[in-house]
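All chains are identified by letter, namely A, B, C, D, E and F, in their written order; residue positions are counted from 1 within each chain.
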Amino acid sequence: MTNESAVLLPPAHVIREIVQRALAEDIGYGDLTTAATIPADAVAEGMIIARAAGVIAGLSVAAAVFAELSGDICFEPLVIDGASLEPGATIARISGPARSILSGERVALNFLQQLSGVATATRLIVEQLSGTRARLLDTRKTVPCLRVLQRYAVRVGGGTSHRFNLFDGVLIKENHIAAAGGIEPALARALAAVGPFTPVEIEVETLDQLGRAIDAGAHMVLLDNMTPEEMRQAVELANGRVLLEASGDITLETARAIAETGVDFLSSGALTHSAKALNLSLRLT
Amino acid sequence: MTNESAVLLPPAHVIREIVQRALAEDIGYGDLTTAATIPADAVAEGMIIARAAGVIAGLSVAAAVFAELSGDICFEPLVIDGASLEPGATIARISGPARSILSGERVALNFLQQLSGVATATRLIVEQLSGTRARLLDTRKTVPCLRVLQRYAVRVGGGTSHRFNLFDGVLIKENHIAAAGGIEPALARALAAVGPFTPVEIEVETLDQLGRAIDAGAHMVLLDNMTPEEMRQAVELANGRVLLEASGDITLETARAIAETGVDFLSSGALTHSAKALNLSLRLT
Amino acid sequence: MTNESAVLLPPAHVIREIVQRALAEDIGYGDLTTAATIPADAVAEGMIIARAAGVIAGLSVAAAVFAELSGDICFEPLVIDGASLEPGATIARISGPARSILSGERVALNFLQQLSGVATATRLIVEQLSGTRARLLDTRKTVPCLRVLQRYAVRVGGGTSHRFNLFDGVLIKENHIAAAGGIEPALARALAAVGPFTPVEIEVETLDQLGRAIDAGAHMVLLDNMTPEEMRQAVELANGRVLLEASGDITLETARAIAETGVDFLSSGALTHSAKALNLSLRLT
Amino acid sequence: MTNESAVLLPPAHVIREIVQRALAEDIGYGDLTTAATIPADAVAEGMIIARAAGVIAGLSVAAAVFAELSGDICFEPLVIDGASLEPGATIARISGPARSILSGERVALNFLQQLSGVATATRLIVEQLSGTRARLLDTRKTVPCLRVLQRYAVRVGGGTSHRFNLFDGVLIKENHIAAAGGIEPALARALAAVGPFTPVEIEVETLDQLGRAIDAGAHMVLLDNMTPEEMRQAVELANGRVLLEASGDITLETARAIAETGVDFLSSGALTHSAKALNLSLRLT
Amino acid sequence: MTNESAVLLPPAHVIREIVQRALAEDIGYGDLTTAATIPADAVAEGMIIARAAGVIAGLSVAAAVFAELSGDICFEPLVIDGASLEPGATIARISGPARSILSGERVALNFLQQLSGVATATRLIVEQLSGTRARLLDTRKTVPCLRVLQRYAVRVGGGTSHRFNLFDGVLIKENHIAAAGGIEPALARALAAVGPFTPVEIEVETLDQLGRAIDAGAHMVLLDNMTPEEMRQAVELANGRVLLEASGDITLETARAIAETGVDFLSSGALTHSAKALNLSLRLT
Amino acid sequence: MTNESAVLLPPAHVIREIVQRALAEDIGYGDLTTAATIPADAVAEGMIIARAAGVIAGLSVAAAVFAELSGDICFEPLVIDGASLEPGATIARISGPARSILSGERVALNFLQQLSGVATATRLIVEQLSGTRARLLDTRKTVPCLRVLQRYAVRVGGGTSHRFNLFDGVLIKENHIAAAGGIEPALARALAAVGPFTPVEIEVETLDQLGRAIDAGAHMVLLDNMTPEEMRQAVELANGRVLLEASGDITLETARAIAETGVDFLSSGALTHSAKALNLSLRLT
């Protein structure tokens, strides 16, 4: 189980803003069904239950959903983000005004299912890396407008954060190299433009390019679609002078072999762009 | 191929607002790499290419991404939303300032891959329904903050829109029935509360409940987790007096058999909460 | 008196957002007069009083105004929305910090007077419909940016909500019919485009058109500027197969006769675009 | 006819923001009817027509509505704000994409009808003041969130703007006087607190209070619910040392007599809180 | 020491909005350092200390910063805005969750240092004016987006507010005069356009222009870059018929001599556009 | 002169958003003076002139101000950001609608003067560092809500960007060290928590602490208030294993001596929190 305080939770106002947008989207000008059928003073109590095995993530987002709808709802998590759950496990207890609980149910579950899906997919690959030096990185291939939460879910699953966005670090790709006139001028321009808090990474396809990137001062190098054998040679060539990131077709099946080449990082877009929602439900009692 | 004008595209300002949020998330205070390596006056040209088979959706969202970044980018779709693509198919041509194209590439692809994933999943099931009266409905189980676009992608794939949100129609579920004191009082209160533009649907688990729901004036009934045989009996019992929606475990494998029971609708949350991104790339030329 | 729980109140965050905008508009960068003349620790107490007869609506909006200005104000309604008031009736008691009460007074009254004006106008016509099957509908002819509150006030007055906006239902008017090539193709296209949660209404001017609209599958028909006699014939022709809405020159004088034709609905724009504010005042004690 | 350049039109971005809010409210996630029935490439042309006599106001707001929906709409006013219209008069010509024109029609008319209603009510009273020194002032009794536009409509109708909001000037009322310990201390504190760009007005009920207010340095005095005879004496007493504003029950019937007392201003809340919408329509050709 | 209630503090929601923007800017998606090094349940206590002499301003802004981050922080000012501090003076005591205190420290100090810098610069000049009739005005030369707070700081320092912005009063400058065709037509047009709550000021460079401005009805005149001797003559010429504002090169060295000419106001842009931050620090105990 | 393409300009939408806020603040509901005195069709032409020596920064911000007000204004910079100007130098030519130019003048100058003040202060210190390895860093001590622009101005002046905010890098200060239980555990926790794109810096006060920080894996060390002699020893001790940042009392007088100790960076808060606005004016011709 992930130690809660080792994972940076997004600030409360960031979570609140996303939650407000999701609630506005789902509630519109009011929950017609609940207003018509549930007495204003009815109270309810229920449990969030896992209906499949996986890693839970997003409990504080779910809590924020209900807090937004009523100050009288008590949402009590029974596990912490990062817990591995079996089907049937109880995740949280909720009690309070029935109207608010029912109006918030779908949005809370939508967040929890999506984020737990990301954490689960991450955990499965992270487990493959055990005993190697490799860590699993996320990417910018996230669902639009949910990056900060998906990133959090990756960390909950045991993954590590790559640069958050285009301002958060330099990653020179093929098109940048071509436009700048080669690896050396591209790196020179990048290193001159940024301050000490901005690492500079570059993407290479061959060992020769890797060598030139190291000589030109890159801090980290992305090995694009290399075979494990090529990666092994890259690790040898780099010899600790730069960090190495393996990218391209990282799956549950391929991860272990790639990690064993000695690279520092594997990165996977599928963790965030194609995660399968974890099946959860809210059962009133 | 879906006829473009038969599908409601969300209004331009709605698309623009989501696009602006996604760009703000990905660009932050500026694209460091591009500013450092690409000359301000460089131009580029490229193609968006399918790397897997599927149904494309979201071309006007991608266009909006680039339009937001520069008035000088020309984004020319070569197919229309709803087209079925083979791997290698060319989807759109883009040309203009190299910095803006590179800064927008990831966000444009993130939208296109996600929405095309939804459209592709929808189309696969819709094809199973061919020759039956059944239509495929989406649900409120969408990725938070992307509902309006995911709904559009479902329509592009050939699906039909269920109520958009809690204000857009009444759907009385088990907890509402319990709180209202039964199927009859729940329906009576709902029918009295709404105007003629708000259909009233109710969820039932047995044929007996279905009969009572019809007698109490429901416009539509959701058959929750019934077997195909039970659904067939429900269709017979309803005899056209209400619309019937089948829900629960709708997959590529189960859809045809369910449709053949004669229900009016199948609804599936997985279309939107667990769609696998369609693999696309932008190749500069 | 309307039963409070039968009327959908807009969600708290929707009310809060409108209230914040109205306060920002009226307070600007601060209430100069109050800051200069009222000690920071002064407290006050007062009553909101009706100065004319009418139906009150918007008490929770007024409460939200004061709540936004100070957590220490106690706003206690003495009647509920929908109550019929005589001149001089006491509506609510308020106590707390004098500065906040005085700074919020005008905005709270502006909301209450406007919404009570709408509810009063509605109630007067609704009373004319008593004993007929007809219900009174609102329209999209609302004061810009206040629709959700004006709609609520109509319901408080005993009216029924028509489609909320252009996304909330189909209403095919003369120009749409002309562009689509006639009543039949217009209805066919609309019925194919929407899902089961979107009723389709069409506007007609003659009985012949009404017959064709029914045959083409319309769910509801708007009778545009027909005489009562024509409406009576329309009711006979429809014979319960569609809902009928009478529109055009619905006033206190004409409403009864129209309702007696047997139509299902009367709709009136004047309820919301021309309501006379109900005269109210806040008297400090 | 009002000289256009003598009336301050709100800034374009202020108009645009209100227009965007009103369109979002009315269009939601898309105009279903138009998308289903009007071909995407259809064009249309039409006229905005007066169906009752009155003063037009808000043409640039209507123009902004259509501009927001499509860059291809041509909106051409045929009169200017402030024009007095007879029933049947043509106000503006519009042409362009049929979908956008039909989607914007209702919002454009809602603005024009509301603002023209305010301008018309203002003009009627202003005409009563002709030949006197009195000018007609608006108040803070405006429809929430529309103040800036309603104020503009009052100016178009020939009225004069009072302080815009609580930050825009000091107006000491009965409760402020009581809390401050009397007219003199209230005025002293206010005059000390503000700079040279903030006039200080005070409300009085008697001639004695008026005299004290003048001695204490008020710049302007509001005569609250005085009879015309009392106002005449107030004018005599003030003798030009302060501006005098008459308030309370200003109607078409009472305005002239009040103006003839010699007061500088009459102020009326009904201009903005209870204006009857001017009947206008958009007729496609 | 300024009497707190004599100075208009901006409304709480205005302060909160600026504070939220500043925190979003500084915290981004989370405080990495604090999350990694400070236990979630750690508490801390500290003092805000002056490290230079000056006038404090902005304590409620600093309080709002911490309130935004945690409801459990206790922020207790030990002086009030306007207090003159010696180096080493204790300004406020703070206690609560260590993470929130450390995350908010920099933003709180950035506000306090900037606003106290403005108040200090103001106080120094105001002291020079003692015994004269002159008051010190601020200008529109403020740091973008901070005007309302800088204006407050000027008042805290003993200064007086000029018009807040372009809507808040008329100030006719050289270019306006030229475009309008001279002093007289410019003033005539302005006086006709505005209501009684909008004073009209005009800028002049010679005594002749001053005389004409007075005759044309100006309420206030800005003497642009006149010598003290010219100002003295202007005061004599005006003889109390208008307010006179001296502008241009108002410094600690020149202020007294200018004030002694008898002008009503001196205005200085440097108070707000070039204030030196007051050196403060937060020391945990 | 700084090479324009080597400096990252904030994205257009970021600039536009700040500009819109500043214009809303200064224009409010309209420019009364301009509307009253300048004909709607008047055109004007002018120059922005330096009235003091300095480094210009912010030309694209000024351009954005005028672009926001009118599409018909032509704003033509005659120098580029980073140019060193003598008093009297012409900076930009502007022409177009007179009303828009006059309404935008103050805001455009407020931005230009503030940012040029920052760039000028930066350049002066950067010149002192010439010939040493040291670079000048900015800090988080910025004017609230203007950080992104102030940072840009620092780069224009030749400075280098430190971490943008609390999410953009780790900087462990005294309080973090204390809470974590010492330099080693603090660094260990930080290094474990972050990914490869987040450098970790720590603040030390002694050489002993420096040695421990290096051994514990810090990437960069902030030398807090050390004397030049101590810094020299720190440089020797570090011997290139970490980057060293000197902080505390960096002024025009002290900078050179500090740079000559061999540290990698000097950082200065005064660049941004206390910059003196550069004197500029707009002269119409």
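Keep in mind that, in the parts below, a contact is a pair of C-beta atoms (placed from the backbone, for glycine too) under 8 Å apart; a residue touches a chain by one contact, two chains touch by 3 or more.
As the structure is a prediction and not an experimental result, all values here were calculated from the model.
Shared contact partners of chain A and chain E are C, F. Ranked by distance of CA centroids from chain A, the top chain is D. Interface note: chain B and chain F, two copies of one sequence, contact each other through mostly non-matching residue numbers (shared numbers fall below half of all numbers used). Chain C and chain D, compared by their mean Cα positions, are separated by 23 Å. Per-chain Cα centroids separate chain B from chain C by 33 Å.
Note: centroid distance chain A to chain C, computed from Cα atoms, is 45 Å. Annotation for chain E: residues touching 2 or more other chains are 6, 8, 27, 29-32, 35-36, 39, 148, 164, 167-169, 189, 192-194, 198.
The touch graph of the protein chains shown belongs to none of the named shapes.
Chain pairs that touch one another, listed by label: A-B, A-C, A-E, A-F, B-C, B-D, B-F, C-D, C-E, D-E, D-F, E-F. Of all residues in chain B, only 20, 23-24, 27, 29-32, 35-36, 39-40, 68 touch chain F in the complex they form. On the chain F side of its complex with chain A, the touching residues are 6-8, 135, 137, 160-164, 167-169, 189, 192-199, 201, 220, 243, 245, 264-265. The residues of chain E lying in touch with chain C in their complex are 4-6, 8-11, 13-14, 148, 164.
Residues 18, 21-22, 25-39, 42, 44, 98, 102-103, 106-107, 109-111, 113-114, 117, 140-148, 164-173, 175-180, 186, 189-190, 192-194, 198, 270, 273-277, 284 of chain D are the ones touching chain C in the complex.
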